[in-house]
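A, B and C label the chains in the order they appear, each numbered from 1.
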């Protein structure tokens, strides 16, 4: 536990891991724009996601689920997703079904509880990996264009690309504010177990306090941004249909997209075939 | 003329508040996504979220923009950016966060009054958590098809969800929402508004107490959230997969495989042809 | 033809007690390259926002009078149609860029206004702004100067006739600043754009602008051709604007009677050559000896030592990005060091390594003989302190008083209250102690950040760009503050582009280029070395170049020194006022 708390606090505050975190998030956002997945048409991928993100929830067939899981594992590998995201995925799967599993055992469940939970775990894993493939693997801007084609609100697609633009800046600023605390603050001694807990509390407090300067600094920024958006015709474009057409003109379905869809379809057919044979 | 001007001004201010909340809360949720939670027995202690950021901003600025900004920020930064997007189910979180933050923001008439700020912050958290818990319980019920049949499962679900709710309200709610909001709102009040070129909230700019319209709006929104969640979780009744498979013949699937494979081969050839043509044009 | 016509413009921000602009009249002719000067808060930015219609269409307030942009009344015309006539680049241009990649941002406005050829327009704009070839890059891959060019390209893409830039070179090294101005010149001369800049670097005004407008208390004091304008030394200094150093030197020499009263004042070095040509150099060697004498024979102990330090940043794509490769450097106790080099040479990184905030991937850094990793953090930050380039990030509390007190308070230092009071007094902040740091003016913010930096009485003080983003008057104030601090601080290192600061303050200058120390010595050794100057693009103050032009042995770094060196006969009569 003590070791864990130590690790936790290091994770929270250490410059090294802050930097690591930043680079991982950036890598995930910008570093894999030349993969097979990134080159696919966003609309095709969204349709693909609609299948793999929803259908596994409805299905209870083990073979079908296993095949779907394998497909999304392959696409995740193809998308060259950052390590951190995969780690989060594992953590997420555990926290969604793993804890239920433990709780069932405590409340007197037996082996019969395991089978439905295994199916549930496969479902969760497949759906998560499908979303990781699409949302981590795709260039954010192409994703927002794709969403726009499906008539998602303009503000959402704007938010996505704006977030990707802002993220490095925000993180840098947050980091500097934290560094200010680190240089001037006097964290409690983390030698003993109690000290470690105190240290952790101190750090959480610092993170919360850090949002005071961050809020004011970001407020200054967002004013310029909104003025600049006005000059650049953002509000004008939001209500203009021609602009939308113009934006979406860059989307094009290619043979690669069709092949990608057909391969996925083929695998699903094979799984159904096997499942019906059994 | 005067009126028109005022309208555009508020439009731009709303956009500023939206952008501000989205960026800040998005960043915060990105971190909470990364801070591991630790478990003592079955009670999970986690830094659920930094809801104090949108709560603070919704009490100082336009509540609706702050609420939507927060929900969008979480969706975009932590869900989409980290690839943790959970599909249609995210709509539930989106709507509950929006409702919680919005109501909290509407409750505060004078941000300088600490008591009201505290009550509003807690109300916001409790509403958000309660709605989330209701959805969560329904969710497990639908996801595990023979929910009642598994011994101990229903009790464990109610117990863990109940615990999670209390834990979230008492732990995250007080530590991460109430205290920081109480700390931040009075400090920022009157200071952050001029940076965005706005007047601080006062009797004139306050939207007025929560009325029936707000409550009805929230109920409708929550109903949408529940529906979307159920749609995401309980497809079994909509599409009868089991029945479909039982009745279908193996030959049908074999046929589909052949058709798909044929299509694949044709496509690969067509792609080659296209590639050759492009190359040829480039050379010419 | 006039592109901008302003008649009787009065504007006040909501809630403000006095109008920011008062009955302002101004016309700008097509094809002009106009500089707007004036002290802080005289309404320069407000005026520019009135020209592109943000006022009154987007920013509300009390507005009267008339602004015509290319014949269109800005009141009642939507911001979009105006943006196609008047482009605007903000001072905090970083926040003006809203898209993740370069071409995307450059063509964003055109796309929003539904122009079919938006990509071509974006590409053409990038071409004009010298960013061709960077189309596919992400914003964060650009340097500060390039980001500014991109903000400019975003405005240029709509092909406006008028371009307004708010302090375009405030954060740039001379090399990048030149580049921006060369591009503006090109846009002005070859593409017929009217350029309006808010600028306080009068050297650049002298080199590039055609007309100058002096704004005073919300109204136009005068609009004159550049030459004439810059020679109005009295008017300008009264508004905290400092004419080029050659101009001021000639003005002083005139006052001293060395130059004839009737003669013209020079505004550039080449003009200076003609006007000062007849003067003889009196005390060139003296000056040099005086500077050198600072070096004492005894070598003080090392404060910080870099031993074969290498550092690489993780990059998003491809291999790591090497910043330092086997760097060796010793900083000795009591030294006053200036660290110079172009943007991205690794100055800030070096400082961060000294505070242990960044760990080198190889090699050792020692502080007072101890390895930096083994020093306890608390002890380390008592001995060494870093003041950021951006003072806003130093403010973590809601008043500057508690910000200054914070580090002492949490360490339970005895009499922290008294010391806080002293520091507030010393940095002339007592009257502002209850204000939030972020809401202060640029100079006050800097002073507060310096006070925070020395609160713990550190033995080593590191300052990152302490004069960046300040107008000249405030810059001089900070330089004076740094002079005053010399007695209370021991070892100080400043990273800066500000060569005036370097010349007046530093005893030792370290030049960084591509992660290596390529120059290390006194100001004469550095600025006298042609090779270093060429390799790094650093540029000595104008007055130094002027002196060198006249006499290669002359090393004058301030106007005082120049006046003494070339007006030697009148030494006794040199005014004691601060004219440096």
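The criterion applied here is as follows: contacts are C-beta pairs under 8 Å (C-beta built on N, C-alpha and C of every residue); 3 or more make two chains touch, one makes a residue touch a chain.
By chain, UniProt protein names: A = Energy-coupling factor transport system permease protein; C = Energy-coupling factor transport system ATP-binding protein.
Model, not experiment: these values are computed from the prediction.
The chain pair sharing the most C-beta contacts is A-B.
Farthest chain from subunit B (centres taken as the mean of C-alpha atoms): C.
Chain centres here are Cα means. That of subunit B falls 43 Å from that of subunit C.
With each centre defined as the average position of its C-alpha atoms, the distance from subunit A to subunit C rounds to 40 Å.
Put simply, the C-alpha centre of subunit A and that of subunit B have 14 angstrom between them. Looking at subunit B, residues 12, 187, 191, 197 sit in touch with two or more other chains.
For subunit C, the set of residues that touch two or more other chains comprises 58-59, 398, 436. In subunit A, the positions touching at least two other chains are 140, 162, 164, 209, 212, 216, 220, 222, 225, 227, 229-230. Across the complex, subunit B meets subunit C through its residues 5-6, 8-9, 12, 187, 191, 194, 197, 199. Against subunit A, in their complex, subunit C makes its touches with residues 52, 54, 58-59, 78-80, 83, 88, 90, 92, 94-101, 104, 108-109, 111-114, 116, 118, 138-140, 154, 314, 316-317, 355, 357-359, 377-378, 381, 385-386, 388, 390, 392-396, 398, 406-407, 410-411, 436, 438, 452, 455-456.
Remark: subunit A residues 4, 8, 11-12, 21, 25, 28-29, 53-55, 57-61, 81, 84-85, 88-89, 91-92, 95, 99-100, 102-104, 106-110, 112-113, 116-117, 120, 123, 127-128, 131-136, 140, 143, 155-156, 159-160, 162-164, 166-167, 170-171, 174, 204, 207-209, 211-212, 214-216, 218-220, 222-223, 225-227, 229-230, 235, 254-256, 258-259, 262-263, 265-266, 269-270, 272-273, 275-277 touch subunit B in the complex. Contacts from subunit B toward subunit A in the complex involve residues 11-12, 15-16, 18-20, 22-24, 26-28, 30-31, 33-39, 42, 44, 47, 50, 52-53, 56-57, 72-73, 75-77, 79-88, 140, 143-146, 150-153, 155-157, 159-160, 175-176, 180, 183-184, 187-188, 191-192, 195-197, 232-233, 235-236, 238-239, 241-242, 245, 248-250, 253-254, 256-257, 260-261, 263-264, 267-268, 270-271, 274.
Considering their complex, residues 15-16, 19-20, 23, 26-27, 30-31, 140-141, 161-162, 164-165, 168-169, 173, 176-177, 179-187, 209-210, 212-213, 216-217, 220-222, 224-225, 227-234, 236-237, 240, 242-243, 246-247 of subunit A touch subunit C.
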